[in-house]
Amino acid sequence: MENEQIKQILEQIEQGTLSANEAYLKLKVAPFEDLGYAKVDHQRNIRQGAPEVIYGASKTKEQMEGIINSLLSHCTENILITRLSPEAADYLSTHFSLFYDELSKIGIVNRTEHISAAGNIVVATGGTSDIPVAEEAALTAEVLGNHVTRLYDVGVAGLHRLLSNVETLSSANVIIAVAGMEGALASVIGGLTDCPVIAVPTSVGYGASFGGVSALLSMLNSCASGVSVVNIDNGFGAGYLASMINHKIG
Amino acid sequence: MENEQIKQILEQIEQGTLSANEAYLKLKVAPFEDLGYAKVDHQRNIRQGAPEVIYGASKTKEQMEGIINSLLSHCTENILITRLSPEAADYLSTHFSLFYDELSKIGIVNRTEHISAAGNIVVATGGTSDIPVAEEAALTAEVLGNHVTRLYDVGVAGLHRLLSNVETLSSANVIIAVAGMEGALASVIGGLTDCPVIAVPTSVGYGASFGGVSALLSMLNSCASGVSVVNIDNGFGAGYLASMINHKIG
Amino acid sequence: MENEQIKQILEQIEQGTLSANEAYLKLKVAPFEDLGYAKVDHQRNIRQGAPEVIYGASKTKEQMEGIINSLLSHCTENILITRLSPEAADYLSTHFSLFYDELSKIGIVNRTEHISAAGNIVVATGGTSDIPVAEEAALTAEVLGNHVTRLYDVGVAGLHRLLSNVETLSSANVIIAVAGMEGALASVIGGLTDCPVIAVPTSVGYGASFGGVSALLSMLNSCASGVSVVNIDNGFGAGYLASMINHKIG
Amino acid sequence: MENEQIKQILEQIEQGTLSANEAYLKLKVAPFEDLGYAKVDHQRNIRQGAPEVIYGASKTKEQMEGIINSLLSHCTENILITRLSPEAADYLSTHFSLFYDELSKIGIVNRTEHISAAGNIVVATGGTSDIPVAEEAALTAEVLGNHVTRLYDVGVAGLHRLLSNVETLSSANVIIAVAGMEGALASVIGGLTDCPVIAVPTSVGYGASFGGVSALLSMLNSCASGVSVVNIDNGFGAGYLASMINHKIG
Amino acid sequence: MENEQIKQILEQIEQGTLSANEAYLKLKVAPFEDLGYAKVDHQRNIRQGAPEVIYGASKTKEQMEGIINSLLSHCTENILITRLSPEAADYLSTHFSLFYDELSKIGIVNRTEHISAAGNIVVATGGTSDIPVAEEAALTAEVLGNHVTRLYDVGVAGLHRLLSNVETLSSANVIIAVAGMEGALASVIGGLTDCPVIAVPTSVGYGASFGGVSALLSMLNSCASGVSVVNIDNGFGAGYLASMINHKIG
Amino acid sequence: MENEQIKQILEQIEQGTLSANEAYLKLKVAPFEDLGYAKVDHQRNIRQGAPEVIYGASKTKEQMEGIINSLLSHCTENILITRLSPEAADYLSTHFSLFYDELSKIGIVNRTEHISAAGNIVVATGGTSDIPVAEEAALTAEVLGNHVTRLYDVGVAGLHRLLSNVETLSSANVIIAVAGMEGALASVIGGLTDCPVIAVPTSVGYGASFGGVSALLSMLNSCASGVSVVNIDNGFGAGYLASMINHKIG
Amino acid sequence: MENEQIKQILEQIEQGTLSANEAYLKLKVAPFEDLGYAKVDHQRNIRQGAPEVIYGASKTKEQMEGIINSLLSHCTENILITRLSPEAADYLSTHFSLFYDELSKIGIVNRTEHISAAGNIVVATGGTSDIPVAEEAALTAEVLGNHVTRLYDVGVAGLHRLLSNVETLSSANVIIAVAGMEGALASVIGGLTDCPVIAVPTSVGYGASFGGVSALLSMLNSCASGVSVVNIDNGFGAGYLASMINHKIG
Amino acid sequence: MENEQIKQILEQIEQGTLSANEAYLKLKVAPFEDLGYAKVDHQRNIRQGAPEVIYGASKTKEQMEGIINSLLSHCTENILITRLSPEAADYLSTHFSLFYDELSKIGIVNRTEHISAAGNIVVATGGTSDIPVAEEAALTAEVLGNHVTRLYDVGVAGLHRLLSNVETLSSANVIIAVAGMEGALASVIGGLTDCPVIAVPTSVGYGASFGGVSALLSMLNSCASGVSVVNIDNGFGAGYLASMINHKIG
């Protein structure tokens, strides 16, 4: 609760328009709905101009249904669900108008297209295998109102594929670099551009890639400035942060 | 080299104002000075409006002197040196006008103050011990033309210290959250605000902090959206990225 | 065997009411039943006022049946089985009166409700996904005679959900904080209260959560005093320890 | 700030004995003193009946002096400083009445002895080398008003040394088990007693002890119930938690 | 694009046989085909005299079909697919003439035999279980035009099996040493010969082999000179590099 | 080949009873049969008085059949196969007289009982879940001609179960201590006896047991003398080594 | 205390030659001397025919002096101190007759030579750098009454150095294989001989040797039977175990 | 010993020109000199046309002196010592004609320049800080008779520095890529050229570079073909292998 709101409530008591007890209740009213298994945060929707997001990986389909119903009372469009299994998507699509992308496991209830930020977000991948994570980032950024350009399979082992697209990179307000294996893409892009680069290591690879650890470490050690990193396979986090920066720029 | 420049060069040949050989040399001219032990990048200074930065940790003082001299031919102010040992600082201060902060090991040649971005960057730390890394971030952001607010020792174990400063957090365009040990500061700040949070894990702690790994993992796993992470103790990287975003916002 | 018992046996020999050989056998009699594949500890039941507990994860259903039968000769109620698969639960329920909770994989033979400690144990989780581990803790504490309050989905990324429940936290003799991902819940709760906090890292998460290691390290590095940690996903251990402390308090 | 206090303040406005502005300031007053490099928490002293604790490892001696002076305005006895270097101890002892134990690196300003909890805390170690960590725990518990029994060098490789002291173990309200290397002490003690065991892994050992990781993992995997773990070498944390439990028991 | 090609283009403009615009397009023409999900590199085929290689592990069978069709427009023989699942192989074999080896998961479209390098490559394994990785290396080297000698199950625990084959080892231009578990094979072979040894750790083993990490570390620490290492299970990489060296030798 | 054999061959040439060429062939004759995918070591059988052992984990059933047939030409009894899957056991039992123990995955072709060493080997486990690994050790030791005593579920959390069996421990020439979780069993047994203890960590456990790493590290750090360690779950290796020592003792 | 002793004590009470109280005290008398900081185990000396051993790494020189004085009351020769610093050795040599080997950091109070086991222990190293650890093993075995043969610098990269010494290996009852880096020595020796091989990984190496972890993993994964492993750099443990086995053999 | 040599010896016996005993001795004669602490391999010098190499890191200066003297009896030039401390270099330079490079810690006794291979080896580094490791590689390759081109500070964050030197890369028979931090240099060079690339990770960096592990993993996961890896900081190994390949090419 903001200080301004607190001040108003206190002034209302002073003016006699609010009793101490009523004020107490107001100050205590939680801006979330308690479903027992989840405390759904309605205030966040309003505050951040973004739809509430449901992390679907370890929730039952009934829990998700309950949360969506709670959200729909405050926010009628573009409810995002990440890591949604095809089975749960089947279930939810019988109850809601659901867009579902099987590759990225993204579901969107009552999807509508809208662009609320002027700039462009570029999502680049090292290889074809990184596309599912990249799509999680791209679809997240799109649902949050951004224009997204996809630049896939431009890994550093064939550098001319990336160099041929320098103009695309230059057009971006923010770049999301998605790569597994040695994860060098973020450093090379970071060196070619001067906009923030959000690096997303992926679990693509085998052996000493250790489920994305190798790419993660590469990206954390990037010698290019302007690069920061999110969790392995966290396309959603990258898309959300890119949108946040893109909207700040305006 | 940008496509526009390539096009211009090609048109000059077509117009006969440039020979093929001259054009070839122009296309090949490297925008850096080669000192043998270092290839100093002058273009980057100009392109990014930021002083070249010298990573001082494993360079001899003579190498640094040479690089500074090379840089001074293109850029006369605010040359930043990170991880500068007191001994090397002594040496350089006899050759240059050097500002040196022993806590953060930051050196700045020909330091001048200037503010080139409107917004505010907040640098917060979990504890007193995180201040050296925080100062590396803050001084970097300041030398790059940003206004910086410091908010130190607001770790989550005494939450009221942070909650009393929510207004300061709200004033920021970007927040840098610096914390060691369990690194929870980034998540809590991320949940309280809706601006980008750059998390800097520090090597502060002992035992199972593993030189910052514990804080690094916490920050990568942050359940708050809008948080990204740089390398352990990488105050410079956080300050640089924060400045980049702050300047983009305008 | 306690020193008092040894002394009694020795005095009986001295008094001639027990022969040396009989005494030797008594001293040797193991307070457990040897089933070959398991040595069932009956004394522990009596000594600790707690039902024997069966770790079901890697036992065959026949082994569990044998152990339960052995236990039932000394203890007729509330035999707890953890990590009980649905298949084994089906089998056991045909032989015993079995309560089974599929979420937490807890089984209880001859369950009866009883409260033997005055205080309250609060079980809090960071998210919905942590509930199975939390329920393992809660059901364990309940079967051991404690009153338990559940406080689920109060993770630090939405701090007001936790702050709205400070009164619940203050009511506890012991708090069990269950969280995956960055595991910051334990530190924040530890800072808000002055009762023992038992932190349970969960394997909830992906990528750099490394199956719970990230949360485990966070909790071990907690800068809040009064926090100690049990193994990843070890809801049972936390519930047992919380009960032990709660009963000590009386 | 507690709800009761909030209610009182609100009622005072209703009754006209407090203006809205005064109330606002009261609600905003931070219960800490801001030294810039540290925010000293005075409320915690009062609330928890325990002296404020200073983690000395990475603070300058001048910072510690400032914090102690701030604390002395609210609390005149038994200010605890952990990980205090001999050099800093020398400096502080010229300004304050300082007790200093070089083995455990514990410093106590204006030390006074007092016993505020009835029960007994036993601190046991596996070997002689674990004593510094054990003393950090023991001195912490003593300064917090507990009676402490030391039981050193009772590691499991010579089990009779531990078995000869079962009576001492049985006398405890809480046991702190301090061990490096294989860390088996906590499990064995946990199996012999039915009180909470706080396990402290130490960095004693070499090779595959990995600075305490081996002992830490052993303790986390303890098959004895009632065992929880704190960070490697965290004698202070164990002593603090043991005191908290011991005082709850009364 | 090579410097000679650039020079030629520039000279053609100078001579008036090429307009600036046409030159620009030529300089921009990417030597790859963009399929959206993949940027297929045709130049690499030509430049390196080797068939393009498709990493099949995380591509859909339709993606692979598209890439093969793209490749067939420039290169009609010996298109290599690694980590090809039997299911995908079934699908591809209905569209192309596909050789498929189920053990090594190697597929080859339009396979033809040819020897383009004079020397011999020896592929040795520590055990029978390492053969799938060894066959990936051997088939790769063969499709690239090399003569390959297989020497399987010659691990160091039965040294006479290796010593009986010293003559075979001596015949090699390059040796590929494939081993899991303790990975000592590479060191022993490195000590017996004076040709380059490419060590391939395999994920064969259990427990502390950690999926090949043990063998990987052994090989990286080889005290024999002339040994270098590729990723765990990377038979393809070893076969490719061996072929590169073998062809250089001539 | 032994020096004595070499000397004899050389003397036979000197005496004219052997030509140089024949001698060369004899010196080159490999004491193994080469099946292509395996080099079967017949000499080892003879030299070590032990049946050849087949590691079944990553061999096809046909490969195993081939190796058994090769072995049967030199050794007609007690051919041991470890990590034999039930499916492969089914296949092999149609071709050979196969004993198969599903728990330990041990198969024995033409099993016969025989005792060739006087002493006793004790196999102890911490819990019921460790029995499969323990049986691999026990059956291996038995097939190699040893008398084995099993002592299962005597973990350190219920120490009286182990202390009641000190006489059994004292009877052993060698003890195999099999334990997962915290692996403290080896240290405690090592402290109670003065015979060699072979410690076998098992992958039993969850969370921070990390598939047996916790037990492995505990055992490597054992503060009891006389303890050495084999790989995680390596019951075979422990049984083989125990037999070797037991036979040496005579 | 042994069962026979317990029986005797019980019979003495039955016969009236011992009172119950006296018996209780006898049963309680600890076979160790309690120095406060150490509980010195005199019984172990007697039981195992071996001198008590002092781990010197983290004891003060005064503590060691106290323990030696305690030991000298029961055992007048060959008191072994491992990891003894030169400084502490200087101090102790002014109080006792001390043999000190600076390379292995072994100290022996009142050293006398004696051979109490018939067989031979071979200590082999991979390189010159492993000699300090090897000497710790060799001197330990010698002080325990064994004949030791040293075979240094026979690493697998120059296999003929090892093969030239097969006869020496064959002469051993037990072999201690000491190696850092890739640690392959243990496997190769294990394959060449049929006696127990105790593998000692050393911290010799750099980079990916990770302080001995690489060698440790190699040795744990040895494909040769009869190999077991002790902690990194644990020469003492290997020498003690080798002596134990050598004495058992007789 | 080669088979041809064995055959010759056998024929000499057959021809009566060699007795069996003499033959036995010849077959047993070790091609190394045994100094006790080292077994110096003279055959390797001759066989490989390369000077013997001494790893100086953990040898005493007297041991090195002894080994050099032993080597000088067979090889009078270019004896290479790696990781030679300045102190040991001082000592050795009083006994031998020693070239010493303090940066790379390389020492060479009786250095003479010679070129024995036609091709060129390029040594590239990511930054200035990688030069010591690069010089170890370059000096090793030079002393082994190769022409070496140095290309320092061409890391991927400023890609134009590398692209300006593509011609130099194209001139190489072998490239050694030396880089710390994210280690992306090897992949980018591997993609730009078609000659073998030997990747050397360096321990340059801080935080999550983990002493070179990050660069090591990057290089192992390189998506460019033709890249293999040596140990962290192992400039010598890379230089030696590069020379081996360069000489094979001729």
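Think of it as A, B, C, D, E, F, G and H in the order they're written, each chain with its own count starting at 1.
In this text, a residue touches a chain if its C-beta (ideal position, glycine included) is under 8 Å from a C-beta of that chain, and two chains touch if they have at least 3 such contacts.
Quick caveat, the model's predicted, so the values are computed rather than measured.
A.B. asks: Counting only C-alpha atoms to place each centre, which chain is farthest from chain A?
C.D. replies: G
A.B. asks: What is the distance, in whole Å, between the centres of chain C and chain H, each centre taken as the mean of its C-alpha atoms?
C.D. replies: 59
A.B. asks: With chain centres taken as the means of their Cα atoms, state the distance from chain D to chain F in Å.
C.D. replies: Computed value for the inter-centroid distance: 49 Å.
A.B. asks: Can you check how far apart chain A and chain D are, centre to centre, with Cα atoms defining each centre and the answer in Å?
C.D. replies: That gives a centre separation of 41 Å.
A.B. asks: Which whole number of Å gives the spacing of the CA centres of chain C and chain F?
C.D. replies: 38
A.B. asks: What parts of chain A, by residue number, touch at least two of the other chains?
C.D. replies: 3, 28, 127, 158, 207-209, 213, 216, 220-221, 225, 231-232
A.B. asks: Looking at the whole structure, which two-chain pairs count as touching?
C.D. replies: Touching chain pairs, listed by label, come out as A-B, A-C, A-D, A-E, A-H, B-C, B-D, B-E, B-H, C-D, C-F, C-G, D-F, D-G, E-F, E-G, E-H, F-G, F-H, G-H.
A.B. asks: Okay, in this complex, where on chain B does chain C touch?
C.D. replies: So the residues of chain B touching chain C come out as 126-127, 155-159, 181-184, 187-188, 190-192, 205, 207-210, 213-215, 217-225.
A.B. asks: How about chain F: which of its residues touch chain G in the complex?
C.D. replies: Touch list, chain F to chain G: 3, 47-48, 53, 166-167, 173, 194-196, 198, 216, 220-221, 225-232, 237-238, 240-241, 244-245, 248-250.
A.B. asks: Can you name the residues of chain H that touch chain G in the complex?
C.D. replies: Residues in contact with chain G: 1, 28, 30-32, 36-39, 41, 43-44, 55, 57-59, 63, 201, 203, 211-213, 216, 231-234.
A.B. asks: Sort out for me which residues of chain E touch chain F in the complex.
C.D. replies: The touching residues are 127-129, 131, 152-154, 158, 160-161, 164, 204, 206-209.
A.B. asks: For chain F, which residues count as touching chain H in their complex?
C.D. replies: Contact set of chain F toward chain H: 3, 6-7, 10-11, 13-14, 19-20, 23-24, 27-28.
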